[in-house]
Amino acid sequence: MNAYEIKKATGIEGIVLNSGRAEPEAGHGEIKIRVRATSLNYRDLLVAKGTYRGGSKPSVIPLSDGAGDVIDVGPGVSRFKVGDRVLGAFFQGWTAGAITTEATTRSLGSSIDGMLAEYVVLPEFGVIRVPSHMTDEQAATLPCAGLTAWNAMVEVGRIKAGETVLLLGTGGVSLFALQFAKLHGARVVLTSSSDAKLALAKSLGADDVINYRDTPDWDKAVSILTDGRGVDMVVEVGGPGTLERSIRSTRVGGTIAMIGVVSGTGQIDPQPLISRAIRLQGIRVGSLAMFRAMNATITKAALIPVIDRVFPFEKVHDAYARLIGGAHFGKVVITL
Amino acid sequence: MNAYEIKKATGIEGIVLNSGRAEPEAGHGEIKIRVRATSLNYRDLLVAKGTYRGGSKPSVIPLSDGAGDVIDVGPGVSRFKVGDRVLGAFFQGWTAGAITTEATTRSLGSSIDGMLAEYVVLPEFGVIRVPSHMTDEQAATLPCAGLTAWNAMVEVGRIKAGETVLLLGTGGVSLFALQFAKLHGARVVLTSSSDAKLALAKSLGADDVINYRDTPDWDKAVSILTDGRGVDMVVEVGGPGTLERSIRSTRVGGTIAMIGVVSGTGQIDPQPLISRAIRLQGIRVGSLAMFRAMNATITKAALIPVIDRVFPFEKVHDAYARLIGGAHFGKVVITL
Amino acid sequence: MNAYEIKKATGIEGIVLNSGRAEPEAGHGEIKIRVRATSLNYRDLLVAKGTYRGGSKPSVIPLSDGAGDVIDVGPGVSRFKVGDRVLGAFFQGWTAGAITTEATTRSLGSSIDGMLAEYVVLPEFGVIRVPSHMTDEQAATLPCAGLTAWNAMVEVGRIKAGETVLLLGTGGVSLFALQFAKLHGARVVLTSSSDAKLALAKSLGADDVINYRDTPDWDKAVSILTDGRGVDMVVEVGGPGTLERSIRSTRVGGTIAMIGVVSGTGQIDPQPLISRAIRLQGIRVGSLAMFRAMNATITKAALIPVIDRVFPFEKVHDAYARLIGGAHFGKVVITL
Amino acid sequence: MNAYEIKKATGIEGIVLNSGRAEPEAGHGEIKIRVRATSLNYRDLLVAKGTYRGGSKPSVIPLSDGAGDVIDVGPGVSRFKVGDRVLGAFFQGWTAGAITTEATTRSLGSSIDGMLAEYVVLPEFGVIRVPSHMTDEQAATLPCAGLTAWNAMVEVGRIKAGETVLLLGTGGVSLFALQFAKLHGARVVLTSSSDAKLALAKSLGADDVINYRDTPDWDKAVSILTDGRGVDMVVEVGGPGTLERSIRSTRVGGTIAMIGVVSGTGQIDPQPLISRAIRLQGIRVGSLAMFRAMNATITKAALIPVIDRVFPFEKVHDAYARLIGGAHFGKVVITL
């Protein structure tokens, strides 16, 4: 079959098409999926560069996110049948309940093969149905960015009507967080360096926007917007580069859900977390049970993910380049 | 009346006795207390040096912790009567519920006058009864160190039987945390640089102890003691000097309750909080409702705080020096 | 001053105007309010009939709900000033945190004098600001019905987008619950015996409505509407007369918030609560802290309570009769 | 193989030995267990009489609880190997997270074959390791009674040091609840009709005991023991026969975890649940994740279940008769 592999973890040029990759077959309790669409996450750039924490296996098939059709089921499979539209779960092992080391050992597209292939085989407990109102392209954006935003906002943050959320930038997680916040009746303050992106965010429901290039002290702007109180919650995707300002933007007793690291490594002064009695909570995607809850909710709300651009399978490198370029607004998708 | 004041916030020599301080009288809804015992916290050293966050008012009477007898009640007081034995609450304003800015504005011994005086007047909503099984000296240790440990372990950490807690050192908060952990059936791992103190901690119930001078990589020792899994919770009192090791000592999905700053300022790399999905929670003492719950529990359990040494009112500077010296094990108390 | 009193607790004829009632004055920590609007709750009918649990004091001034202007403040009051628009709290004593016996001893309009008077004096800790976007008439509906619905839906039920709530009838609590559910992105199924009221409920956002006169087995209708799964939450105001059907309408692991008793006394079989692992939670209005959170949220959302009809102070008996008649949709309000 | 079957669901005489029952073999993802010990629950009497809710399949092998050795593993099994000592989970499907209908469809010894057989085959996700410090007989008591008590006390009740728990009788769930309460530092009040059993309960750590035969108004006795406040939590195993007294025994805002139905069907007045703002929570055993947490805790605490008597496989009817007789204190166990 056709599949991309990370031949050398040196960047996108190390991602090569292998037209002779062995086609996997569904074993006991497994499902064979004809992949129809995948999406890219910032994490996939780190995998491609070899800087992803935990590393990845040699010649791994990249990408955690993908949707497709069930075309075969192995013996013992009871929950899915041929023809079902499904998504793979980021963590192949976190069914439900609290996070554990065991639950997060096997992640698609790094420690085990991912979705950038014509065919993928996954255990039936690592698969979930596509929300019925979504296309494959739309659904393919959910497993990493969507579920991470859901975990942060709903599971950890217990976001409520009347609360205010601060979102940093317009990456995949932030845009899902924006949609989830509005769904729950919360107010959204969002930052970006691009007025065009801020305008798009407003059209998606952002209540207040801040251009952090024009307003480098954006924490002060957040403070003013919240009458000096600070926001109830931050979905912090910037890492050390933004965390200190995020802390100053958060109300006493508030929550910062900290996700991935886009803006590099670095250090922060933890002291203000004490004086403001803040909860700083590390987030790692989510469980299959959370995924199920998210899908039920977004199906009822007929929520549609924001897609930036769809690339064909042959143009995988262009898709990666689009993500690296940073001009995107919404998810970068690849169809097969 | 006699009261100590912080004349110059330059250290303990700036704390002076004022024998002519005006005696306060109980106004509407207020209680007049004859103070019998007070206790020292590390925070009081910062107040004395003028480095306490938020600062303190000029000529403030120091110390947040004190127990005494109600000797007068103002009009409108309904909950207390002359003769009751009471404690002041650290925050004069945090009755119950979640922490807010307003709840934490007025704290005894810094922004408002504290307990190192013969007489203190407090609103009845800022006062709580002394646990009946305790002496004034014992009770005087509760308002700051005791309640902080309770908030960390019980309110935030929801400590349960079978869980493992890591405690750093043998300061006031850590020793209360040790007692509370054992009360709830948890296992305690405790670090100190002194074998003598470790032995004392063992006699109080610590299950495993680590001399961090002998074992500078104490996070590795914690890992071994927990079969590589890490502890469920850390009561982190060391600040940036220990936080990175504390993070490495915590299990995936665990909690670090972060309190005060004994070991100075500094920076940490927040990234491992994400990869381990840890909750880092800033703690600020606690509410009156938590204080009530704590007192109910320690009364039923007949828990007795650990007192290092009791100094007379005339020897206040010796008491401070004892705390600065660092040889203490348990709370340093001053009687009046 | 003019005030209504319950002379004989035998029904609305026992409610009489006393034009010579002594005007209360603000003592220590108290606020004097010129009442501008009050609202009726079903509970007030029980007080008038003398069947309210806990009873009421002789010649009590009825009604828990009222809004007005601060016209005087007693010594020691720091949070309010003359001219502020305020509401009284149902429980004069439940500031924040978990419910206790002490917190619920003093309730306006039964154990202590209520709001159906020209002037009312309350402690400053029993008073809250009127949401700025509301008239006095609108605000007067909040203290009992509004806060009860908030406690049930938000505090206890933690209602989330995508969840489904079952509401019984169109009384004050149910209509607030409907508005709060929609605010949080939830789906609402609502029952009534009146097609006209169901149509009004739909106009307020109810997603599905059931006429329980036409469909006496409304639990089966709920089951069909939820694909056999049952709702996530019921705000149960019907008591024993509806509770068994409510239980059958609730999903495995769901929550029933049980409020007041409109449909009389009786008994139920508790067994199905076990087989469905349901939480049946008794609700009693709420704390001042919840009230503050509710007001913050409804202010941001510019939510306007549903008012059925406004009666002048002279027509108090007509107002009661309107509530007894049962034709109302929304709150019955009295202006002064 | 030898297995008991429920030939006619008319009582224990309908339980017959089938020496020619086909021996099951481990299929995909399944484990074959040589059963070494099983234990009886009150629920098994209902299954035998045909009155168990949900019914049971024809000729079902009874008993949910059993421990044994893994003697074979099917293809695809990764978590267990031959020689492991294991327990079956009551619900073959509730892995983790919140309870759902799907999670509770398959329960051992009723809807699917149970453990009273020489060999049992279960999916690897329906099996858990025996705590290493326990014999097979001891471990065989855990899956139903142990886990139910754990769910009630720890998951739902979040029992804490200083709280008071009311336990009804000395059945399996109550004795586990007693041990778990003491492990967490809580106080236990326990009722029974037998002074001998009360004495045994005291020896296990019960703080206060009430003979409900001598004190039929035991709710008043509980009230006195708690200074009129009521207990924080009841583990309610009596059903309608005791529930109203349990409600009166519970503090305002307390929790009643309601389990099984030993004392028959009936009705209760739900009104006091409202006036006391009580949570009445139906409990159904628990998930595999809870089982894992329970085993970790009881292993660390070296907790040993209370066994009444051990019967050989040939004396199954005597074991059932022992349970029916009601003279037992602790679990009735059958060895193979």
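By letter and in written order, the chains are A, B, C and D; residue numbering begins at 1 in each of them.
Quick note on the criterion: a contact is a pair of C-beta atoms (placed from the backbone, for glycine too) under 8 Å apart; a residue touches a chain by one contact, two chains touch by 3 or more.
As the structure is a computational prediction, the values presented were derived from the model and not from experiment.
*Asks:* Is the contact between subunit A and subunit D built from the same residue numbers on each copy (over half shared) or from different ones (under half shared)?
*Replies:* Looking at both copies, the contact residues mostly coincide.
*Asks:* Of the chain pairs A-C and A-B, which one is connected by the greater count of C-beta contacts?
*Replies:* Greater number of contacting C-beta pairs: A-B.
*Asks:* Taking each chain's centre as its mean C-alpha position, how far apart are subunit A and subunit B in Å?
*Replies:* Roughly 41 Å, centre to centre.
*Asks:* Can you list every residue of subunit A that touches 2 or more other chains, as numbers and ranges?
*Replies:* 98
*Asks:* Residues of subunit D touching subunit C in their complex?
*Replies:* Residues 53-54, 98-101, 104, 229, 239-240, 243, 251-253, 258-261, 265-271, 273-284 of subunit D touch subunit C in their complex.
*Asks:* For subunit B, which residues are in contact with subunit C within the complex?
*Replies:* 27-29, 74-76, 95-98, 125, 287, 289
*Asks:* Of all residues in subunit D, which touch subunit B in the complex?
*Replies:* Residues of subunit D touching subunit B: 154, 158, 160-163, 180, 183-185, 187, 293, 296-298, 300-301.
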